[in-house]
Each structure stands twice: as structure tokens, then as C-alpha cells.
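Input: one structure, supplied below.
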Amino acid sequence: MRRGRGSDALWFWVFVGPFAAGLALFTYVPLLWSVGLSFFDAHNTVTPTHFVGLDNYTAMLRDDAFLSSLRTFLVFTAFIVPVTYVCSLALALMVNRVGRARAFFRSVFFLPAACSYVVAAMVWKMSLFNGVRFGLANTVLGWFGAEPVAWLSTTDPPWYWLVIVTVRLWLQAGFYMILFLAGLQRIDPVLYEAAAVDGARPGWTVLRHITLPQLRATSVAVLLLLVVNAFQAFDEFYNLLSDARGYPPYARPPLVYLYYTALGQGQNLGLGSAGAVILALVVALVTVGQARWLRLGRTDADG
Amino acid sequence: MDDALVRAGRALRLVLLVALALLFLIPFYLLVRNGLATEQDITSPDWTFVPRELRWGNVRELFADPSVPFARSLLNSALIAVATTLGTLLLASLAGYGLARIPYRHATKVFYGVLGTLLVPAAVTFVPSFVLVSSLGWISTLRGLIVPTLFSAFACFVFRQYFLGFPRELEDAARVDGLGHWRTYWLVVVPNARPVFAAVGTIVFLGAWNSFLWPLVIGQDRNAWTVQVALSSFTTSQVIRLHELFVAAAVSILPLLLVFLCFQRWIVAGVERSGID
Amino acid sequence: MTISRRALLAAGAGTGLLTACGSNTGRGSGGSEPELSQWYHQYGETGTEQAVQRYARAYRKARVEVQWRPGNYDQQTAAALLTDSGPDVFEGGPTLDQIQGGQVADLTHLLDGVQDDFNPAVLQPKTYDGKVWGIPQVIDTQFLYYRKSLLADAGVRPPTTLDALVDAARQLTGKKTKGLFLGNDGGAGVLGGTPLYAAGLEIITQDGEVGFDDPAAARTLGKLHRLYADKSLLLGAPADWSDPSAFLQGLTAMQWSGLWALPQVRKELGDDFGVLPFPKDGAHGRPAVPVGAYGAAVSARSERRADAEDFVKWLWVERTDYQEDFALSYGFHIPARISLARKAGKLTSGAAADAVRFTTDHGHTAQPLLWTPASQTAYQDALSRIIKDGASPENELRSVVRKVTAELDRVKKNSQKNTKKKP
């Protein structure tokens, strides 16, 4: 139009500039700094002088505890992603078909999203899944004559996964339910009518052949968000399992392990940064791979 | 026959929903039950659904506790959450609009630069961020708690996606009227994008209110504590005062529940129309 | 947008800003007195915070601002010491890496003439290279608290060997009460090296070598698994080992906890309790009492380092009245000063007197300076796996010994580097 390219570029930076500058300062500078630290022997300093090349990386990749934290993450993701996905979808399907009380149920399931991990972890640890007899779960067990279970301290069977997964499920299921509800609203009712005319019984068949394919876009978004969030998991693990003396060797995801390596009293910032870089690469790889895979599936279905 | 089956199915669904709703409400119930009970009641081996002695005095005790400035921490959290929300909305929406709508050669590259940061966990860059903020002299200040968190790649991403799907006709009409990018944005785009602002705003507000690790390290002075830091101070390494802990937690989520219930309609509408998916 | 301009300036300056000569933090301007910030971790005993505030107010030569830090104190100080906005004076190890990294000031001269009055058990872990890097504030010790009446009812005598402890815990475990509470993690965290001392070993020897590369170590640690496997351990209590609540609420018949809890236990249980050291194990065993202390340290980055040192000297060397108040008026701690400990009336009778006697006879340093956090984590992880998973103590210890040896080599190399650097 009247305006030339140059003026558009100027306006672009007027709009994007402040944000980009802030992001550069508060995300990219620390990020590059971390990468830099990973090549140094940086005990208790952020301006190290002793260059060690790739030593921190080889040490981290040989560290059993770090490798087991990656395994922990995989187990956690394998639990939390499908469980949250199925639960939030099921909630959405049920809530969507309720008549008058719909807003009420939506609110109830969505409400936990307002709680912090600190509060939720506290309720879970101190009251709901408390290991002694006055915990609610143990009280219920007691009604059936069962012994109290030390939920967070028992490694065999690993009950702590139940506690960790249910906290996150409670906090997040409602949010993803809202996403699914929005997706369900967008499905053209004509599709269901057509299915009814074709004699499809409401229920499983309709769900499989109409609802789920129509929700594919939402599903992709939900799965991506779930996996990214699972990678970032820190708060509930930390608040549930850490104590004044540290953190147990089980259920220790990578971020918690790195937090103790870099920020704990050991303050091995070089080693911690190397672990962080490795982790960020893994996250990027998985996310990009997953996005590719899901998008491919989508084009297949679409046509 | 079929009708009866459908009705039975509906009843079953309702029963299941009610049961699930009760399950979801249990943690809230526990907060209130334990928050209003005495220490002895909480730790009693004989469970009671309502505390034997309802102690509203716990709330007063909480605000009177000299070792934890709880009222001040609520105020700090409110200030931080409001400022973070407004700042993030302004910065991210401008950036999202610019990325989506202003033609520029390197726009895609900039967008990927923004998107890439979503993959990097915050804890990874935690120490350098902390040292950076400290070298700006922002420790224990509100700006240290607010400014570094204003640049949310997530919010920017959501705004960009939303504006990509924004009807071009409105902007074209504005252009015909002779409005530039700036005035088009403020006079046409923003008023028509309220749902996405409400949705992102609520999510950012919740995140700011609930954030823990950053305020814990930056808010060193007691007067800069947020409510989450104050909460964590009740679980000290040596003594845990259960009733105070629970009443504090209950009080800390009250403002949020209010915000949440008021804005819920907006969030849902925002999610439905903003293309978060 | 003033923010982004300032931010950009800072980004431009790059790492230059981040070195010690960075911008002024803006603290302490105005007024002729220097202002010092002093950090404490959050003590659980009521009154402690008011007490340290009172001491700080009484100091005339500087305004001292006390910060009471909840949450993970050690992590917070470690991070804050990297910056100019950290504390001037803080309680902390300090750790070997902090000393070697030059993060804390040499405080040897503050102890001129009184060094011998500080209990060597707590002064020695603050000493490195012949210099003192932290002034011990008190002596913290831990004991096995037991409920006399519950033991008598079960016909169990106070255990003096580890085997007896295992048996006693099993016999005392009933429907409503567990036999023993070693912390919610099953003991891996709080016990640390104590069982090794009880087996007649050490975690680090006098010569700075691994002290538990010995079959006796595996045998003793293996017995801790029996406590767990017998279901005699209380796990998942709302308050951890440092708080006597579980013991007082009758959730457990015996609990490992700090001496600090003693006044509260006595208030609630009267005479119905006793304390014991960690019982010995094996032919070369001996009872063990872990001894530790926070030391008052001065940050090397402090802009008012001399003032900070003066203040530390005033409070933790000269004001013996405050030291006594701090040690004995809230929770119980043994004063770090031998002369004060001798005078401490509150520690001369009943269980408190036993505790002092056990500490004198059987005390060992819980955290030698060379026992770095990395070594401790490796050991604690292994101990947790031994206790809870029944992992083979031999295998676990073998890998711990390897890691600790590597860690000891690292810090010894650093110390050589440091000596070379010095003129």
C-alpha cells in the first residue's frame, strides 16, 4: 500500500521489539550463560576460569543418578500423559451431555486449576496421603481393617507414584477438560444426526467414528502440552518428597536432580549446566519428533 | 424400552459425575476441615468429618503471627499478580500481533526464536537468571519479582495464533479509514479480542499467584515475601504447625477461587475462540 | 519502556557486570552507621527469632538487619553468595567448596586468646588450612528418645546394641504405635554416617581417606534394612524427625531427634522418657552420637567485611550471655564454649545430663569438612536403597567408595592449587 517495506519493518519492531528485548535479556542471556558454564569447572562460581571442554558432559552421561532420573521421567510421562488425556476427555464427554447442571460440574472440575502445586502437594502429603493413621486414605483403609500405608516412603510397591500422579491429575484434568469441551462445541451437530440416520447407535461407535476424529486437532494440542509440562515437572515432586536432608533416590526427575546438583550446597554449576543442556536437547528432540508424528497423522486422517 | 435404557444411562452418568465431583472437592474440604480444627483434632486417630471444636480463631491467629507477615504477603502476591498480568498482556499481545500481521522478512525467524524458549525448562537457566537479576540490584524488590517474568513466550504464542485467525476485513476497513498499524491495533483489534485477553490474563494471573521458586529466591527480605513463600515457611525444617498451615493455605486460595469463578465464562470463551489448540 | 533500556544496557555490559565489582545494590545508603544483613535458617523453637532480633538490636556499632529464611536455607545461601546482594553475616557450614572458592572470610583472628575455649568437636570442622572459617554457634547433637512406660509395658530394655534396637523396635510395634521413627525417609537422611561410627568405623579418616571401605560397614547398614522390612519404622508422619511431634503424639515408642527437642518432650512427658546414643554394633563397635553445628560466617563479597567481622566477634565471641541464652533458653543445645557448657545448669540433671555425658564420651563429627555434598548425596542415595529396597550393601558401598574417593581427590587437588597460588 502507501507504506513501504521499511516502514513495516519499523512497525514490526515497535510491536515486537520490547517483548523480544526482554526475552533476549531474561531468557537468552541466562541460557547462553548456562551453555558457557557447562564447559567450565564452575564450583561455587558463575565466572569460572578453568576450561574443561566436554568433561562435564561425559561425567553427566556416565552418572547413574542422572540416567536414572531420565528413566524416572519416562515412567512419569508414560503414566501421566495417557491418564490425564483419558480422564480429561472422559470428563468433557460426560459434562458436555449434562443439561442444566453443566456449568456447575464444569466449575467443580476446573476449580483445582486455581490451586498452586505448593498447596496441593501440602494437602496430599499432610492430609490426604499422610503415612500415619490420621491421613484420609489410611482412615478409609482402616474402615476395611487394613494397615496404614506410608504412601510416599514405600518403594515396594511404589505407592508414591499414586500420590504424584493424582496431584497432577487433580490440578490439570479440569484445564484439559475445558479444551476438550471447546473442541466438542465445535463439532457440527449435523454429523451426529447423519450418523443417527445411518443407524449408528450412540455410544462407542459414534465416539470412535465421529467424536474422536473431529477432536483430533484438540487432541494434538493436549498431548503436546501434556508432554512439555511433564518435562517441566518440578514443583510437586519437590514439595512432596524433599526434606531438610535432601531428596530420596527414587522418583527423582531430571529437573530435581539438576536443581540439587547446581543449586544445592554442592553448587557444581558446570556439571548442572551440562545436564541442563542435555535435558533441553532431549526435550527439543521429543517435542519436535512428537509434533512431526502427530501432524503426519493428522494429514492422513484429513485426507 | 430404548427410552428406558437411555434414561438409565443418563442417571448412571449423573451418579458418576456427582461421585467424581465429590472426589474433586475432597482436597478443598480437607483444607477447610483442618484449617478450622485444633492440632489435636487433626492428628487424632479417630476421624471426624467435622472438627470436634470449630476454631475460627485460627484465622485471627494466622494474621497475628509475628513471625510470618501473612497480610503483607497477600498484598505482595496481589500486586505482583496484577502487574505481571497487565504487563504480560501488553507485551505479548503487541508481539503476537506484530508476528501475525505485520509483514517483515525475518518474522518467521523471530517467531521460532520465541517458540524455542518454550522448550527450555526454567530451572535450566535458573542460576544465571538469578545472578543477572541480582546484578541489576533487583533482589527483594517488586520489580525483581515482576519484570523478569513479563516476557512469556507462551502468551505471545497464543496471541499470535489468535491474531492469525482474526478476520482481515476489520483491519482492512480500518486501513481504508487511514489508520496505521498502531491505531488499528488499539481501536479495532483489541476491542474485538477481549476473550483471548481474558483467557491469557487469567492463566498468567494464576501462574503469577502460584509461582514459588522464583519468589523464594528473589524475595529475600521478609517484606518481599509472596503468599506461597509465606506458606512454605509454615513447613519449616523443625516444627510444623498443622492447623496454621492449613488455614493459611485455605486463605491463600480464596482470592484465586473468586477470580476464577468470576472469569470462568471468559476463560472458556477465550479457549473456545482463541485457538489455544 | 524505561525497563528495556536499562535491561539493554545491562545486557550490553555482559558478564562484566557480574563480577564482584557490579552495581551497588542500593542497600545501606543514608545514615552514618553501616548496615549489615545477617541470615539465619528458620529455627522451629518459639522465641528463637525474637531472641536473635534482640541481640542484633543491642549491637551499637552497626545496624544489623536479621533475615529469617524459611525453606531450603542451604540452597538459598549458596545462591546468594554468588551475588552482591547476599548476606554479610550468615550461619552456615561453611562448606569446603565455599572456603576453597574464596566465598567466605578467614575469621581466625576473631578467636585470639579464646580458641581453646571452643569445643574442638565443632571447631575442627570449621577449620581448614589451619584457619577458622566459621565461629561455632552451638553444639547440635542427636539422640534416641524412648518412652520408658511403653518399653516397660512391652518388657523391653533400653537397647544398647543395634541388634537389640532392631528387636526392640519390632516388639514395640503394635496396631497404633510403631517401634521407631528415624525420619520419613527411613533414616537415610538423618543417620548419615552415624551407624558407621557405631560399627567402629569413620566416614573420613584423620588422613582424609574413605573410612568405611570395610566389611563391617556393609554388615551394619544391612541391619537397618531389617528395621524397614520388619515394618517397625514409622514412615510418612506429618512432621519429620527433627520435630518431636510423632513421639509426643504416641505414633512411635522411640524416635531419633535432636537435643533441641528435649524441653518440649519433658514438658509433655515429664519423666516418662530417656535418651540413648545410637547403639553399637559388632565386636569393634561403640555407641555413637553425631555432633554438628552451624558456624557464623562472613561473606567474602560483603562490602562491609570488617564491620561484619566485628559484629561476629561481638556476638559469637564476646557476648557469652547471649550465647548462653541462644543455646539454652529455647530448644536445648550444648554451648560451643567449654566454659559455658560447664556452667549450664539446665544440662546438669535428668535426661539432659545423660545427653551431655553421651556427647562427651561418644560424640563424633557428623559432617567432616571433606565430606562434601556430592559425597553425602552418593552415600545417602545408597543408604536409602539399602534400607528400603534391600539393595546389597556390599555393591552399594563399593560404588559409594569409588565416588567419595574421586571427590576427595578433587578437593585435595584444589587445595594444592590454592597453596601454590598463595605467595
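Odds and ends about this structure:
When the chains are written out, they are named A, B and C in that same order, and each has its own residue count from 1.
The rule is short, and it goes like this: a contact is a pair of C-beta atoms (placed from the backbone, for glycine too) under 8 Å apart; a residue touches a chain by one contact, two chains touch by 3 or more.
Which protein is which chain? UniProt says A = Sugar ABC transporter permease; B = Carbohydrate ABC transporter permease; C = Sugar ABC transporter substrate-binding protein.
A quick note: this is a predicted structure, and the numbers were derived from the prediction, not measured.
The chain with its CA mean position farthest from that of chain B is C. Two chain pairs, B-C and A-B, are weighed by contacting C-beta pairs, with A-B ahead. Chain B and chain C, compared by their mean Cα positions, are separated by 37 Å. Mean C-alpha position of chain A lies 16 Å from that of chain B.
Across the assembly, chain A contributes 18, 22, 25-26, 29, 33, 46, 126, 133, 243-244, 263 as residues in contact with two or more other chains. Contacts with at least two other chains are made by residues 3, 7, 10, 18, 79, 82, 176, 238, 240, 242 of chain C.
Residues of chain B in contact with at least two other chains: 43, 45, 127, 131-132, 147, 232, 237, 240, 242. Contact residues on chain A toward chain B in their complex (touch as defined above): 1, 3, 5, 8-9, 11-16, 18-20, 22-23, 25-31, 33-34, 37, 46, 91, 94-95, 97-98, 105-120, 122-124, 126-128, 133-134, 136, 139, 170, 174, 178-179, 181-183, 185-186, 217-218, 220-222, 228, 231-232, 234-235, 243-244, 255, 258-259, 262-263, 269, 272-273, 276-277, 279-280, 283-284, 287. Contact residues on chain A toward chain C in their complex (touch as defined above): 17-18, 21-22, 24-26, 29, 33, 43-47, 64-65, 126, 129-133, 135, 150-156, 242-246, 248-250, 260, 263-268.
In the complex of the two chains, the chain B residues touching chain C come out as 43, 45, 66-67, 127, 130-132, 134-137, 139-140, 143, 147, 216-217, 220-222, 229, 232-233, 236-240, 242. On the side of chain C, the complex with chain B involves touching residues 3, 6-7, 10, 17-18, 22-26, 41-45, 49-50, 67-71, 73, 76, 79-80, 82-85, 176, 238-240, 242-243, 245, 249, 258, 260.
Every residue of chain C that touches chain A in the complex is listed here, in rising order: 1, 3-4, 7-8, 10-11, 15, 18-19, 72, 74-75, 78-79, 81-82, 93, 95, 97-98, 100-101, 103, 176, 183-186, 188-190, 234-238, 240, 242, 246, 251, 372-374, 376-377, 380-381, 384-385, 388-389, 399.
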